[in-house]
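I am attaching a structure below and will ask some questions about it afterwards.
Order as written gives the chain letters A, B and C; numbering starts at 1 within each chain.
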Amino acid sequence: MTTTALPRRTYLNHEFGIKSWLLTKDHKRIGLLYLVFVTLAFALGGLFAAGVRAELTTPAGDLWSSDTYNKLFTMHGIMMVFFVLIPAVPAILGNFVLPLMIGAKDVAFPKINLISWYIFVIGMFTTVSAMVFGGVDTGWTFYVPYSTQASNTNVMVTGIGVFITGFSSILTGVNFMVTIHRMRAPGMTWFRLPLLVWALYATSLVQILGTPVIAITVFMLALERGLGFGIFDPALGGDPVLFQHLFWFYSHPAVYIMILPPMGVISEVIACFSRKSVFGYSFVAFSSLAIAVFGFIVWAHHLFVAGISPYSAMVFSFLSFAVAIPSAVKTFNWTATMYKGAIWWKSPMFFVFGFMGLFLVGGLTGLFLASLGLDVHLHDTYFVVAHFHYIMVGGAIMGFFAGLHYYWPKITGRMYSDTAGKAAAVLIFIGFNLTFFPQFILGYLGMPRRYHAYPPEFQVFNVLSSAGATVLALGYLLPVLYFTYSIFKGEAAGNNPWGATGLEWTTQSPPLPENFPDQPVVTEEAYDYSKREIKVA
Amino acid sequence: MSHISPKSTYYAIFGALMALTALTVYVAFQHLGWLNFPVAITIALIKASLVVLFFMHVKYSSKLTKLLVASTFFFLASLFGLTMTDYMSRGWFTSPRGTTTAGMLPKLQAAELPVASEQALANPGPLFEATCGSCHSFTTKTAPTLAEINQLYGAKHDIESMVTWAKAPQRKRMRFEPMPSFAHLGDARLHALANYMLQQAAQTPPQ
Amino acid sequence: MPDALAAHAEAHGHSHGHAAHHPDLQHHFETLEQQHEASTLGMWIFIIQEVMFFGGLLAAYMLYRIWYPTAWSEGSAELNIQLGGLNTVVLIGSSLTMALAVRSAQTGKQKALIGFLVATMALGLVFLVVKGFEYHDKWVLHHVPGLNFKLEEGQVPQIAIFLSLYFALTGLHALHMVIGFGIMSVILWMAWRKRFNPEWYTPVEMAGLYWHFVDIVWIFLFPLLYLVDRAHQVQ
C-alpha cells in the first residue's frame, strides 16, 4: 500500500474561523455541527440514565426522591428520543453523505439546512433549560391529564422546546426529499441509488408527515395547560385517550425515523465488508418504503390497555404484526448478502454484527408486545423497556456507530485504530446485553417501569442491569478517545480505504467543498463488487 | 417556464368560488338531516380543488406534484379513519361483565346472594371498600365524593333515598360514567352501607 | 489546479471550467429549471406537512362533533355567520389577487405585481381585523374557555370543547395569516426593488402557494365552525 497524503484543499481547510462554520451552507460542515450537539445530548441523556440505574441498584427508593426519579427518566427519554435518536443518522451521516452518494454539489436547500441546525440548537437549548431549572416529570410521553392539570414541573417550556425541534426534523425531511428527487447526477436512476438513499427517502416521508402531528399535539397540550382550554379535560367530557392517539400517531412513526437510516447504513456496510452486492436490492429498497407507510397505521398498539375498543385493538394488533414483515425481509436479505461473501473483519462490520443480533431480539420481542393477550401483562413493565432499548440502542445506535466507523475516514480523511474500534464494539455489545437482557426477565416477572423502588426479589437482575450500564458507558467513551486521537495522529485514509463502491468513495477524503471536481456520470449498478476490481487506494 | 393562465381563468374560478360559498351557506339552512355535513364537506372539497388546480397551478404541474398532493389525503384519512375505528366501536359489544370497572360486577339477583349476617351488617366497612369505595371516597374524581353525598343526604339522614337511588340510579351528572344498579345486594346491606357512608362523612373533617 | 485560478474560482463560487450563469441560479443547481422544480417541490412538501399539522386539530374536532352534537350546534350558533361569510369572501378574494400577482410577475408587469401584492395584503389585513372583532365579541360574551368562560343557562358544558377548538383552529389559522403577511412584506419589498422578471419570480410563486394554502384551510374552517346545524336554528 502506498502512503497517501491528505488532499491539499478540502471542505475543512478551505475556510477558517468561527463564522465560516456558523454561517456555512456546506452540508458536510452542517453534518459535523449536528455531530457536536448530538454527542452532547447523548452525554446528557446518558447522565440521566446513570441516575436512574444508580437508584435501581437497590430495591428501596433511597437515592433520589420519587419526584426526582420521575424527572430523571423523563429527561433521559426526552434527550435520547428528540436530540439523539431522531437526528443521529439523518442529520449527521445523511447530511454528510447524501449529496456525495447521488453525485450532487449540495442538498437542494443549503440555507434551510443551516436553519434546520439552528432550530435544532435553539430547541435543545430551550428543552435543556427546562430540565436545568426544575425539570419535567411527566414521562417523555406527556400524558394528559397529568401533564395538563397536575404536574407542577416545566411542562410548558419542554413542550415549546420539543415543538421547535420538530421543525428541524421537518425541514431536513423536506430538504432530503427534494434533493433525492431533483439532484441526482446523470445516470443515477432510482434503482442505481445506494440503499442508504432509499432509507433516507423513506425516513423523510415519515418526518414530513408525522412530525407536524406531534407539533399540534404539543400545541394543544400547551393551550390546555397554559390557557385552560378544554380539549382533553374529562370534566368537560373530553377524552384523555385522544391525546394518546394523537401523540402516538407521530411517536410510533418516529421510531421508524430512528431505525430506517441505520438500516440503510447496515446495507452499505454489509455490502462492502462482504464484498458482495446486497441480495434482493429492490426488496430492500421497497421494504424501506413499506416500513414508512405501514409505520403510520400501527400507533394504537401503545394504547392497548388505555381503554380503547377491543375491536380497534385487534385491528392495530394485526397491523403491528404486518409491519414486522418488511423488517424481516431486510434481515433475511442482509444475511443472504453475507452468505458466500468474503467477510472482511473491520470495525464497521463488528458493529453490523452487533446490530444484527440485537435488532433481531428487539424486533421479535416487539411481536410479543403486538400480541394483545401478552401486552395486557407486559404493558408498562420492564419487558417494554428492554424491547425498545434493544431496537433503539442495540439497533439504531449500533447502526449509527457502524456508519460513523465506516464514514469516519471519508469525513476526516484519517484512519482510526481498528483494534480500538473492535474493542469498543465488543465492549458495547457485552455491556448492552448485560444491561438490557435482565430487563426482559424483570418485565416478564412483573416489575413495572417508571418505579423508583421495587420488591427485593427483583434486585439481582437490577444489579446486573446497572453493572451492565457501567460497561456500556465505558464502551461509548472509547470512540470519543480514539476518534479524537485519529483527528490529530491518524494515518491518511485516501479516497477509498475500504475499497467500497459508490460515488462518495470516488472523491478525495476529506471531500472538496463542492464535492466533485467534475459532474459525475453514473454508468454502473449499485454495489457492483463482482464486476470490477476494487482498488483500495 | 411555467404555464401562464389567462386572467379570465382566474376570474372564472373566483366566480365559481363565490357561487359555491353562497351555495354552502344556503344549503346549511336547509333541513337535510345527516346529509348537511357531507354536503358541506363536498362543497368545501370542490372549492379547495379549484384553488389547488388553478390558483396553485397543480393542473399544469409535474406528475410528482400531483402525486404528492393526492397522497396527502391518504395520510389524513388514515389519521381520521383509524382513530375513529377506536371511537366508533367502543360501545359495540359489551361482555356480560361490561367494560367499565363498575360494569365488571357480576349481575346477580338479590336471591343469589346469601342473607347478610348480623355481624356483616354491623360492620359494613369491608363491603363498602370492596363495592362502593373505589368510586365514592373522599378524593375520587369518578363519582360524587362522600362529602358531596353527605351534603345531599346527610342533613335529613335520608337513608331511604340513598337506597332507592342505589337500586335504580338515575344519571344527573353527565361527566360521570353511569352508576350501575346494586339492587342485588339486598335492602339490608344497602341500608347498612348508606348508614356507614353518612357516618364516615360526618366523622371526617371537611377536606 | 494553479493557485490563482483556484482562488478566483473560490471567490466567485465557480469551479474551473464553469461558464457564467444566470445571476439567480444558485451554484449547487445545474439549470434554472432544476432550481425552480426543486423550489416548487419543496414548497409543496412543506404545505403537505402543514395539512397534517391542522389535521391533528381536525381529528379532535371530528371526534367531539360526533360525541356532542348538541354542544356543536349551540357553539356554532354563537358564531357570527355574517362576519364569517365576509371573511370567506375576503380571503378568497385575496387568493385571486395573489394569483394575479404571480401572473404579473410571469408577464413582467412590475407595477401590476406590486399593486396585486398590496391588494392581497390589504385583504389579508381586513380578514385579521374582522377576526379581531369576532374575538372581542367572544371575550365580551364570556365565551373564551379557560380565561373567562361562563356557561350560559340551557347550554351543555361541552360547548367549552367546541369553543376551545374554535379558538385553537382559528387562532392557528390567524397566526399563519400573520406569518403570511410577513412573507408578503418581504416579497413586496423585493418586487419594489425590481428583483423579479419573467425568468425568475420563484419567491412570488412560493409565497402564492403558501397564501393559497392558508385560504384553503379557511375554506374548510368556515363550514366546520360556522355552519353546524344551522337548519335547526331557523324555525
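Assume a residue touches a chain if its C-beta (ideal position, glycine included) is under 8 Å from a C-beta of that chain, and two chains touch if they have at least 3 such contacts.
What you see is a predicted model, and the numbers here were worked out from it, not measured in a lab.
Comparing chain pairs A-B and B-C by the number of C-beta pairs in contact, the larger count belongs to B-C. The innermost chain, defined by the distance from its C-alpha mean to the mean of all protein C-alpha atoms, is A. Chain centres here are Cα averages; for chain B and chain C they lie 34 Å apart.
Note: centroid distance chain A to chain B, computed from Cα atoms, is 38 Å. Contact of a single residue of chain A with at least two other chains is seen at positions 181, 209, 213, 236-237, 242, 245, 249. Contact of a single residue of chain C with at least two other chains is seen at positions 37, 41, 45, 48, 52, 55-56, 59, 63, 67, 157. Shared interface positions of chain B, i.e. residues touching 2 or more other chains, are given as 64, 75, 79, 83, 87, 174-175. On the side of chain A, the complex with chain B involves touching residues 181, 209, 213, 234-237, 241-242, 245, 249, 296-297, 299-300, 303, 308-309, 311-312, 315-316.
Of all residues in chain B, only 1-2, 4-5, 7, 10-11, 13-14, 17-18, 21, 24-25, 28-32, 36, 40-41, 43-44, 47-48, 51-52, 54-56, 61-62, 64-65, 68-69, 71-72, 75-76, 79-80, 83-84, 87, 174-175 touch chain C in the complex they form. Across the complex, chain C is touched by residues 9, 14, 104-110, 112, 170, 173-175, 177-178, 181-183, 208-213, 215-217, 219-220, 223-224, 227-231, 233, 236-239, 242, 245-246, 249, 514, 517-519 of chain A. Across the complex, chain A is touched by residues 6, 10, 15-17, 27-30, 34, 37-38, 41-42, 45-46, 48-50, 52-57, 59-60, 63-64, 67-68, 145-147, 157-158, 160-161, 164-165, 167-168, 172 of chain C.
On the side of chain C, the complex with chain B involves touching residues 32-33, 36-37, 40-41, 44-45, 48, 51-52, 55-56, 58-59, 62-63, 66-67, 81, 85, 88-89, 92-93, 95-96, 98-100, 103, 106-107, 156-157, 199, 205, 208-209, 212-213, 215-216, 219-220, 222-224, 227, 229-232, 234.
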